[in-house]
Amino acid sequence: MAMVARRVHFKTVLQRPYVTYALRRILTFIAVIWVAASINFFLPRLASGRDPIRSRLGQQAASGGSITGIQELVDAYSEKFGLNEPLYKQYLRYLWDVVTFDLGFSIASYPARVADLIQVALPWTIVLLFTATIFSFVLGTLVGAYLGWQNRKKQVDYLFMPLLTLSAVPYYVLGLILVYFFAFRTTAFPLTGGYDIGSRPEWTFEFALDALHHSVLPALSIVLVQLGSWALGMRGMMVMTEGEDYMSYAEARGVSPRTIFLRYGARNAMLPQVTALALSLGTIASQAVLVEVVFGYPGIGTLLYRSITGVDYFLIYGIVLLVVFSIALVTLILDLIYPLLDPRIIYSR
Amino acid sequence: MTIAAPRARKPQSRFTRSVAFAKHNPKLVVGVFLLGLLIAIGFLGPYLIDATDAAPMSVRPDQSPNSEVWLGSDSQGRSLLALLVKGIPLTLQVGFLAGGIGLAIGTILGLISGYVGGVTDTLIRSAADVMLTVPGLLVLIVIASSIDGFVQIEIIALVVASLAWMWPTRTIRSQVLSMRSRPYVEMAKLNGLNTFQIIVRELIPNLLPFLAASFVGAVGAAVLATIGIEALGLGPQDAPSLGMTIYWSIYYSSLLRGLWWWWATPVAAIVVLFVSLFLIASALDEIANPRLRKVGT
Amino acid sequence: MTNGNALDVRDLYVQFNTRAGVVRAVDGVSFSLKPGERLGLVGESGSGKSTIAMALLRMIKPPGVINGGSILLGGSTEITKVTDKEMRAIRFARIALIPQGAMNSLNPVRRIRDQFLDSMRAHGVKLKSDEAKERIATLLTSVGLRPDVANKFPHELSGGMKQRVCIAMAVSLKPSVIIADEPTSALDVVVQRQIMETIGNVQEEIGAAVILIGHDMGLMAQFVDRLGVMYGGKLVEDGETKEAFRSPQHPYTQVLIDSLPSFDEEPRLVKIPGQMHSPLAPPPGCVFHPRCPKRFAACDSIVPVLRPVQGHQRVACLLYASSYPAQPQLEPVS
């Protein structure tokens, strides 16, 4: 990977076209967040009439949710959202709240704030999803590149079918299978949760080890599937690159096969692969939610699931907004890195 | 001093050619076979077994697979086999419907975007890219929770379709871009065909392999999203679909209680479905792009 | 036993075993190249000229295969028999290519300087970084480019500039043979001339022989010392340029030269009747006879062999074969 880093063209960053490009991308990022937040604001109002909050709270009460403190909740919200104010003022307040990460109160767990609940769950998800995705992307791309090389050892081709099969199943389906075989039939791994029931989260080594133990299966179900799809994708890109003129010209120049593979083939094939990463983030996030649910892993996914079953309206919206934000952020980062990998890109926009 | 004339090829029968085609595209054959198997279970099943057993309290609950209930029963007294028979067509219907709509929208947008170019192209492309970053499942969740009551299958299908058009748009657009400057399109223009005619008569026939591959991809994405939504419990609660079966199996802790057949049946069906779709899409990709067949020459 | 020739090609056969049948792309071609000589290979698409270039570099890929003949480089190296590793060392260092589509021949994500270094390093040239910089700068100026081009990426250069870079790369290791495969077909006429001049200059500087492949007779007339005319995988005429233009022997060459516009005459369109045959089904006898305005009875059953006629010209045509013994036709090699 150091060899990749050396080939990233850092000087590009300082040039005018790049700065213009970066600014444009950042503006798009802000636009996306704003649109998502606005949809979050208007959708419930369109769906259930003029006062969504009271109707929701009423529903909660009617279905036997926590009745205590309902009036306080209604009052807190009325004050917060200025429900008696004209719509545009409510909207502006809302936008301000979003910017300051104030996502309101959770209905089901009042008086807990949405932001607090998310804060507890978020690190779990980041550690699991982030590491799993990066690991599978890097490893998968390497494996895929190798699979696409002329001079590979032929035995590696046996990997092809298993990878293909793995990449086709949804993460949580693989998760179910893994849980059955490794947590139920054998007790090598725990069935659910992020940590043993009864222990409390704290910054000790034992806890960290325990958390790691609990995260192996969920991580595996994400990694194995993603590995397959990244590897297959990269292999496809390598094959497409094979037919390019610069490949045969490099061969005509007597350049060594290894250099052709790394600097001419893989280096070019990597570009659409990175684009694909940026575009798949939405799917990965969605699927990860289900993985957490299957494993009862205490991350954002499970939180979302609980909020759905408890019809905790504000929590749902808060989480979804957060996820959209994260995806947009990562996409932005990838977009800003991309011109460093492909010197052509700024000019073509 | 004459030469042997070049050997003329014997005209081959359709059967021989089909066999050759099959041998050349093993992935397609396997994929179609598996898909066909599922369809057969779904559509022929009701004639072979009693499909009403998919309703709750039809058979004794919590049975492991035996001679009476071949695939066991769940805690609500439903026969897994019957659930399978009723669930597969449901899932397939939604998948094909949503996938088809998504493909149609995506193709039209892709054609317009690629062929017309200019501002329209920029608009459509940006919209597609932005929509792609949105996690579809989460949008569905948001919509599902905003609507009072549970979501109808048709609504799910529509929403899923509106999230499935982006990839076909991208693919079709890039293909159209490369086709736009090809000589046969220039010829058509010189012949006086207008834009619409060019699209229909020249572009679409050459796009067919890509359309087919995108369709399969769209169906796969639609099925994935639908099952995901249902597995979270947001679908119609009494629908005997695969996703809801998984939801109930999780809800009733089938894993912990050792009722493996409850979750294994829909899981097996789902795995077979996705693998078959994937194989077909992969094979169609290879047909559209023969270079993908062999690796490294 | 060297004979001082830069390149000797004897009875070269290259065929492609496709699903639709066997294509004999190069069908028994022989020629020699003296050091510093400029040979032009001219012919229609499908005549086999580009295939020869690939064969000389041993870059024929399946389903193609070199299935006969010898390629002797510098009188001592048999290209058809060296190992892959040896061939890699030979490529570019002793026999170099100027590619056809310079548009896409340069790696888009690597700077020009790095691509130079790639070929140099591959042949064991170890230079310190400022020595390398200087060497590349010299090479670039020798083709009329500014040294700062070395820091640029290919997409920042025009078509002509990219082609010059390829020329500079081709001479960087001082090969004895340079193959220029239609180096100017993607460029406009003004740039074409500049490029050809550049090739001529650098070639003379290092004393390399050049094989120029193309289909533009006018360009050939101005550049090459000797002209080889290819049709249907065979070399049908081979002679000094002046003689070939003044008195073309083969009917195909005659029509090709006839088709060149001249200021003296009325402009007219000369056509070669018919179309080139399908590569899967070459005609019996002389491969050109279906379209030949001078064909006669024997042309559809006897294959003409390339023989000297007058001076140093060689022709493969039965018109000159008064003393031919009957030649057996070769069966397709499978």
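By written order: A, B and C. Residues from 1 in each chain.
The working rule: contacts are C-beta pairs under 8 Å (C-beta built on N, C-alpha and C of every residue); 3 or more make two chains touch, one makes a residue touch a chain.
Note that this is a predicted model, so its numbers are computed, not measured.
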**Study point:** Reference subunit C; chain at largest CA-centroid distance
**Key:** A
Practice item. Could you tell me between which two chains the number of C-beta pairs in contact is largest? Key: A-B
Practice item. With chain centres taken as the means of their Cα atoms, state the distance from subunit A to subunit B in Å. Key: 23
Check your understanding: So how far apart, in whole Å, are subunit B and subunit C when each is placed at the average of its C-alpha atoms?
Key -> 51
Review point. If you average the CA atoms of subunit A and of subunit C, how many Å lie between those two points?
Key: 55
Exercise for review: Name the residues of subunit B that each touch 2 or more other chains.
Suggested key: 297
Point to revise | subunit C, residues touching no fewer than two other chains | key: none
Study note, to complete from the structure: Flagged in subunit A as touching 2+ other chains are none
Study note, to complete from the structure: Note: in the complex, subunit B contacts subunit A through residues 126, 129-130, 132-139, 141-148, 221, 224-225, 227-228, 231-234, 246, 250, 255-256, 258, 260, 263-264, 267, 270-271, 274-275, 277-279, 282, 285, 289, 291-292, 294-297
Revision key, fill the gap. Subunit A contacts subunit C in the complex at 7, 244-246, 248-256, 259, 263-264, 267-268, 271, 341-344, 347
Check your understanding: Across the complex, what residues on subunit A touch subunit B?
Key -> 28, 32, 35-36, 40, 43-44, 47-48, 59, 147-152, 157, 164-165, 167-170, 172-173, 176-177, 179-180, 184, 191, 235-236, 238-240, 242-243, 278-279, 281-283, 285-287, 289-290, 293-294, 304-305, 308-309, 311, 313, 316-317, 320, 323-324, 327-328, 331
Point to revise | Residue ranges of subunit C in contact with subunit A within the complex | key: 57, 59, 88-93, 96-97, 99, 101, 103-110, 118-119, 122-123, 153, 155, 166, 169
